[in-house]
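Each chain carries a letter (A, B, C, D and E) given by its place in the written order, and its residues are counted from 1.
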Amino acid sequence: MAEVSKGIAEKWGLVVDQDRCTGCNACVVACSMENNVPFTGEDNVAFGRGTYWIYNKRMWEGTYPEVAPAFQPVMCQQCGSAPCEPVCPTFAAVHSEEEQINLQIYNRCIGTRYCANNCPYHARQFNFEDPNIPEPMNSYLNPDVTVRRRGVMEKCTFCVQRIVAGRQTASAEDRPLRDGEVTPACVAACPSDALVFGDLSDPNSRVSQMAQNERQYKLMDELGTRPKVTYLKGGGRNGG
Amino acid sequence: MKHKKPWWKQPGIQIGAVLVAFIVIGGIIGGIFLTQTPPEQPIAFPHNRHVGIGASCLYCHAGATLGPSAGLPGIEKCWGCHQQVQKQSPELTKLAGYVERNEPIPWVPVAIQPEFVRFKHSPHVNAGLQCSACHGDLAKMTVAEAQKGQNMGWCLQCHKSSAPEQWTKLSDCATCHY
Amino acid sequence: MAAETKLFGKLKTSEQEHEDPKEQLMFDPRPREELNRMVMEMMTTTTRKFWLWAIGLGAGVVVLLFGAWGYMISTGMWVTGLRRPIYWGVFIVTFVFWIGISHAGTFVSAILRVFKSEFRRPFTRAAELMTTFGLAAGALYPLIHLGRVWVFYFMVPYPNARWLWPNFRSPLVWDLLAITTYLLSSTIYLYLPLVPDLAMARDRTTGIRHTAYKILALGWRGTEAEWFRLKKAIQIFAFAIIPVMFSVHTIVSWDFAVSQVAGWHSTIFGPYFIIGAILSGVSAVVTILYVLRSSLKHMDYFLRPEHFDALGKLILVFSMSWAYFFFNDYLLGWYGGEAAVRQILTVHATGPAAWVWYTMLICNIVIPWLTLWNRKIRRTPWLMFIITLLINVGMYMERYTIIPLTLGHQRTPFDWGVYTPQPIEISIVLGTFCLFTFLYLIMSRLIPLVPVWEVQEGQVAHSLRKVGKAEVPSVTELD
Amino acid sequence: MYTKVVHMALFKEEQLDHAAESITRLRSLGISDKDISVISGIPFSEKILDRPMNWTNVGRIGLAGAILGFITALLLNFGTPFLYPLRVADMPIFFPIPTSIVVAFELIMLGLLISTFIGVFVETISPSYGPQGYHPKVSDGHIAILFSGPMDLDQQFHSTFAELGATLEHDVEEEKLWL
Amino acid sequence: MSDKITRRNFLKIAGAGAAISAVLTGCGPMSRYIVRRPYTEMPEYNQTGLNTYYASTCRECAAGCGIIVRTKEGRAITIEGNPQHPLNRGRLCARGITAQQGLYNPDRVFGPIFQARGDTSRQARTTWDEVIPVVSDALKSPASQIAFLLGTAPDHLFDLVAEWARSNGAPAPLRYSALASFEGRSTLQEAANRTFGKPALPFFDLANAEVVFSFGANFLETWLSPVSYSSAYGDMRQARPTRRGYLVAFEARQSLTAGNADEWIPIKPGSEGLVALALARLIAEARGDDVPAAARSIDPATVAETAGIEPAKLTELARLFAASEHSLAIPGGGAICQHEGLATAQAILQLNVQVNNLGVPGGVYLTNTEQPTTSLAEVYNLVQKMNNSQVKVLFIHSANPVFELPKVLGFEEALAKVPLVISFATFPDETAMLSDYVLPDHSPLESFGYQRMLAAADRPVYSSIQPVVAPLYDTRSTADVLLAAAAAAGSPLPYTDEVDFIQQMIVPLISAGGFYTAPEIQTFWSRWLQYGGWWVTEQGLDTDISAAPSRSAAFSGPIALEEDKQFHLVVFPTQLGDGAGANRPWLQEMPDPMTTLTWNTWVEINPETADRLGIHDDDVVRVTTPYGALEASVYRYPAIRPDTIAIPFGQGHTALGRWAEGRGANPAALLPAAVNESGDLAYNDVVASIALTGKRRPLARVESREGVYGEH
């Protein structure tokens, strides 16, 4: 390929501003439509098998009348030291040296579900059955993303298909990727601009700037997973 | 001790075993045979003749430089030439039939990517790779034939030998699988 | 054995002192011919009841195990009760259970052999058989629980076009290696001491059985070189298989302990699992011995209260050790563990599934401690049968607590979940119980379940020696 | 083939002392240890019967298997990452020492145990020295002493064994016991 | 044995083997390698090509966000916001994102159907050639007896129908949707008219506001233009480095907006007007202004007690509102949809006047575009006419009145009295099932059109609609059908077809100073399609706002309840909108933000109340109002007043396809037929009682009940 190696690996990162996040769940649906995440039906959701690559963990803070929901959209944190990876017997969960994210290679996956147990964020989903999308609804399936069959794990990929497409477009035009050129579906959809995606290795990118915000924290930082997703705390009463 | 034939020497069992073996082996051989023979095409398109008169691959498969799939020419493109040149041949009558009915030609795929592989033509073509490197010498084929042994090892071999300095990127799973 | 009973006798009641040495198998010798005849009759007697059981269990295997498994493969894992976040359920529970059970064979046979515990002799084979079939039943589960079992071979190290090998950092690959090693070696370990007995059977059968025994006996004659070689090999195995056995359950425990799952990430898990495995395994041996004793002809000659007594003592010791490790694990989690671990411990004891936790404690601690100190209870086979069965129920509950109940209450309360096994899962679990029992049942008629030559060797080595006014049991070492 | 004919003396299991004695007597009749072989239903050590030490390669074969297992483990642990380097978490790609110990241990044990068995198997089915022959009574606990001696000592054999209470058979054919 | 097998036999056997292996693998993907099918029959995953992007407009609600649809091989793949569009600036909500599930829904109407009013024996597929004369005959009826009921139909269709009606003397088309009614759109418009003297929807500049008081306006979820308001909300919170906007929500049931508010003030439904007046008085006092006339007789302490809040809290909030630079009070939703809704809306709007926050950044503007909305009162008139047999022909487009209107209104019965009902529904919804003909319009992603912005654009915007895929079925654009039928009926309009109509309508825009222009319409048209519409570059809001002095109003306050027997009932729209979203499986599967519930209807009850009444989660209760009753499972919702229960709107379909049918309950059965002064449904005044049915029906929730609520 024509692209010249840049020397520094791109390190994709996501910032979730919880103060902007309204919990509207547009990201959930945008992700599902982009990544061919199947809908599973009422019974499956009731059973805990609704498949969401990103979902809002809404906990309650306070008691009535001071009660308020605490929204926390959680997707795969693309850990630098991911607990899911080493436990996979078949290298279906691996770390991408190029994109510095976690990959799930569906055709390599044999469905031990070990990775899912070991993910402290519960970001990994299992395909308990083949997707049931009646014709012609399968027409909207994104051909850039594999339709997962039953028995494999899946999870947020940071929309790696968009990353690869963006990188190839940039290389065909012989220029580096611009900040904000590649956005995952959730980021593109987010009505309140609570999600920001970009290259963390570029100190000038918007995501790098935001990740240094004083409100920043990482989910379960104490586990040493080195997530690529940074959360910005909600503002509280007096802003932040 | 009575000398009875042991069970594995009983004729019924032997015949059964041979039959089962034949069906299994035949199935495997047949399956492999079918994957390794070029499929029957609606029109026996002579690649060799088109390449022979100097037609560029990209003339018909224009998508190769632009996007993932190289694309197949529509009936308009075929007919655009063939209403001028060489109008008579049994294969061209078939083409004329499709043009008349305004139907797409149901070409049968030759090189198939598994659904979990995202192969894109454009980066490969843009990197200066010749079509023949993967598709074989079309000047020697009539209908296109699938090339043997094009598995992931083959992809990687080429990635490694042609661009060792980009091996990190070109061996990354996310390059092809997502 | 002798020394042990004596020591015990001093501590305990006076009835012990009056025990007739004849009550012990080793001091109640019978001619080899007689022993052979008894064992052969054991193998060849099949009652109507036997066939009913065999057919029933065989049908159980086909329908409950393979039928349900096939159904699950064809429709997908949704027929199980698994759900986010509980991705491992009774399949893995039963897997750990079977692997645990399989430790007894090695323990009874290898460790007791190494330490020359003479009471082991009549039931080493029964225990080894249990190991092999327990492993066979258990080794199915890593396959059963796969989402895509048809590509299970991705886990097996073999060269391929992609030069992509399994991930040797994954505990599941260690599992694969360890279980393969253990299954192969325990099968061989079952087979090696069987060879002289197969030769014995060969000499007493005709037809297909004769042919089969002839092949399996490898032309055994009983020459000095053959005995020497066999003893040497058994010695190597007995020593080498013990670390393998420890490694197997340690690795099974590492499936849990190396992970980041709260409640699993514990350094004590290795020994904790091993002790649990031995406890459940030795218990299962007792359970099986009771069944053998009551269903097989002449077995009551070979298996006597003394054996139940001795195994009962072992179980008591292991129950105490298990309690120690359990408490150790619990205390550390409770004391300094992170909030999530403490939460899990609370949920175990107070949550909706707390009955599982209490059943575990009652069956594993309360029942053995209350009963097994009593010699009379230990020497009553049917009581031992019930107690050991309960211990295995307790051990099953232990694994159930560790796996689905712990997975269901991880760090984010939003994602907690409740797991309920579904009919298909229960069917498969019952199916492997059928498989185990079926294999055991069939095997009990195919191979000599009592190692005749070992029993005879023991009987030859044991004698009563007159010391002063008393006849004292004594053992001679034959090698 | 031989000028010597294989004889077999059968002792009942309780006649162990006599069997031991008979070996001494046979030796005094000029029959060497390699022309005698004892088969029994339970193992007796050489010292009990006063026989030369036996010798087996099982241990060495087992050791060789263990070494083979170790080499395989090295190749799998440290060789395969070079074929396709893949990073998982933060673990070293090429030299994952702690995890390799587990694999190495299992493969060493696997090699050791399997090859021990193979050793037993190969040694058992390979032709053995000493007089051949078998009697089913051996598995009934009898001790059979097989020896080959010249026919002219027949009388002495008879008297010796009759005295020790054994039955003696002549001209024991080599029975095909395996395949 | 094997030597007897001839080569011929071998080939036979091998062939059989191949066949067997083909059959065996036929179910799996391997079969693709063995039995190859032509490209023209290949499954979609193998046809990878280049993306084609089309700019269009989202039609899932009335807001009109600009969208970019990514298509591949003629299939719409993903929908994203149009980054240049001034309304949503590249953002989109869940409903817009799932629009393809409407396009590719397997339960669409595949072609014109003669319905015969649900008489399935006479039901038959028909052809467009047969139905155009039917429509044209219908248009020949006496003009006064023709009625058009348009729901969220695109503006161009409305304009076309209005033009036809105007030129033929027919009554103007009605434009009603349940969502508009829940939002209180007419009331808001009328309140703006009375307060500012212009009948336009106000635009609230949330992004630059510092303190925002929201009275019932759930602008983050469904209210008016949720995407643009969400975007503005994000900016209000974090776009300014030093100041973070402060949001206070006054409503009885915590909506998503109230959930995101810094303070949620759970006031009794019906007390909003009083609270607004009390605030007015306190604000005036805090600012040192004259207390407005309307508020002079108000005692804040009494009001606080009536509303069920702390008096000190009210004072504190008033001070906050008075002290901030840009304080904004937004009336909407249930607060203004009650019998005193108009006065309440005015009282709330007056708060903005009091702090002089009109026509300045962070304040209230008025939108320029006229927004035709029909109030529910006019729909009532239509029903009246239908009942009196004064309607011969009823055309229905994009509306589902049988589902959406309060059951007590009796639309279904009135419909039976209309001799000819023609529905243009894309889906077999409840109303379509009861009409004579269903003449399916294209799905929005297959059609042309335009949409004016509703309220949340800060400038004049025309958003264009264009087909992104070729129509999948034998559907036809309603505009074309009407044009053809009108021509055949002898009352033609001067347009050849729909595109011609749209082009003629947008001709004035060429010179209206948009961000592009063109010498003639065809070039303009291509840019119009390319950019997804037309708008001006500069902010173009009406800053010239002057307020009339506040009118005194006497509020009767909340209805008194019998404790533990009666409850205020809050019916709220969800992501399913006016119920049309119920057949989008991903909208059904998307967890409701506040409750994480999916796929069903639930009744929200405060846990305290539930404990008192012995009601557990998932218990099915019967909710009864004077107008009807329904049964649904209980969700113990911690963020609702103990004297209030709430039910989401949108489920309970008896038609509309496999994902919507037979799911949940329709709270339209509980709603009254009463309207407020400006004609919006007074749904916030309803008092309901609940009773256990003894049944249990678990709700599909994503959260763990044990983990979140500590219940087992």
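Here is the rule we use: a residue touches a chain if its C-beta (ideal position, glycine included) is under 8 Å from a C-beta of that chain, and two chains touch if they have at least 3 such contacts.
Model, not experiment: these values are computed from the prediction.
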Reference subunit A; chain at largest CA-centroid distance: D
Most remote chain, CA-based centroid, reference being subunit C: E
Closest chain to the centre of mass proxy, which here is the mean CA position: A
Of B-C and A-C, pair with higher C-beta contact tally: A-C
Cα-centroid distance, subunit A relative to subunit B, in whole angstrom: 36
Distance from the mean Cα position of subunit D to that of subunit B, given in whole angstrom: 60
Length of the line joining the C-alpha centres of subunit C and subunit D, rounded to whole Å: 30
For subunit D paired with subunit E, centre-to-centre distance based on mean C-alpha positions, whole Å: 88
Touching two or more other chains - residue numbers and ranges from subunit D: 84, 86, 88, 91
Per-residue overlap in subunit A, given as positions that touch at least 2 other chains: 57-59, 83, 86, 88, 91, 94, 97, 108, 144, 146-147
For subunit C, residues contacting two or more additional chains: 162-164, 167, 169, 173, 412-415, 417
Residue numbers on subunit C that touch subunit D, as the complex places them: 31-33, 36, 157, 162-165, 167-169, 173-174, 177-178, 180-181, 184-185, 188, 191-192, 196, 199-200, 202-204, 214-215, 217-233, 236-237, 240-241, 243-244, 247, 251, 453, 456-457, 460, 478-479
Contact set on subunit B toward subunit A in their complex: 114-116, 118, 120, 122-124, 126-127, 163, 165-166, 168-170, 172-175, 177-178
Complex interface listing, subunit C residues touching subunit A: 75-78, 80, 82-85, 87-88, 142, 145-149, 151-152, 154-155, 164, 166-167, 169-173, 176, 255, 258-261, 338, 407, 410-415, 417
Residues of subunit A touching subunit C in the complex: 44, 47-49, 57-59, 74, 83, 86-91, 108-114, 116-118, 120-122, 125-130, 149-153, 220, 222-223, 225
Interface residues, subunit C side, partner subunit E - complex: 351-352, 409, 412-418
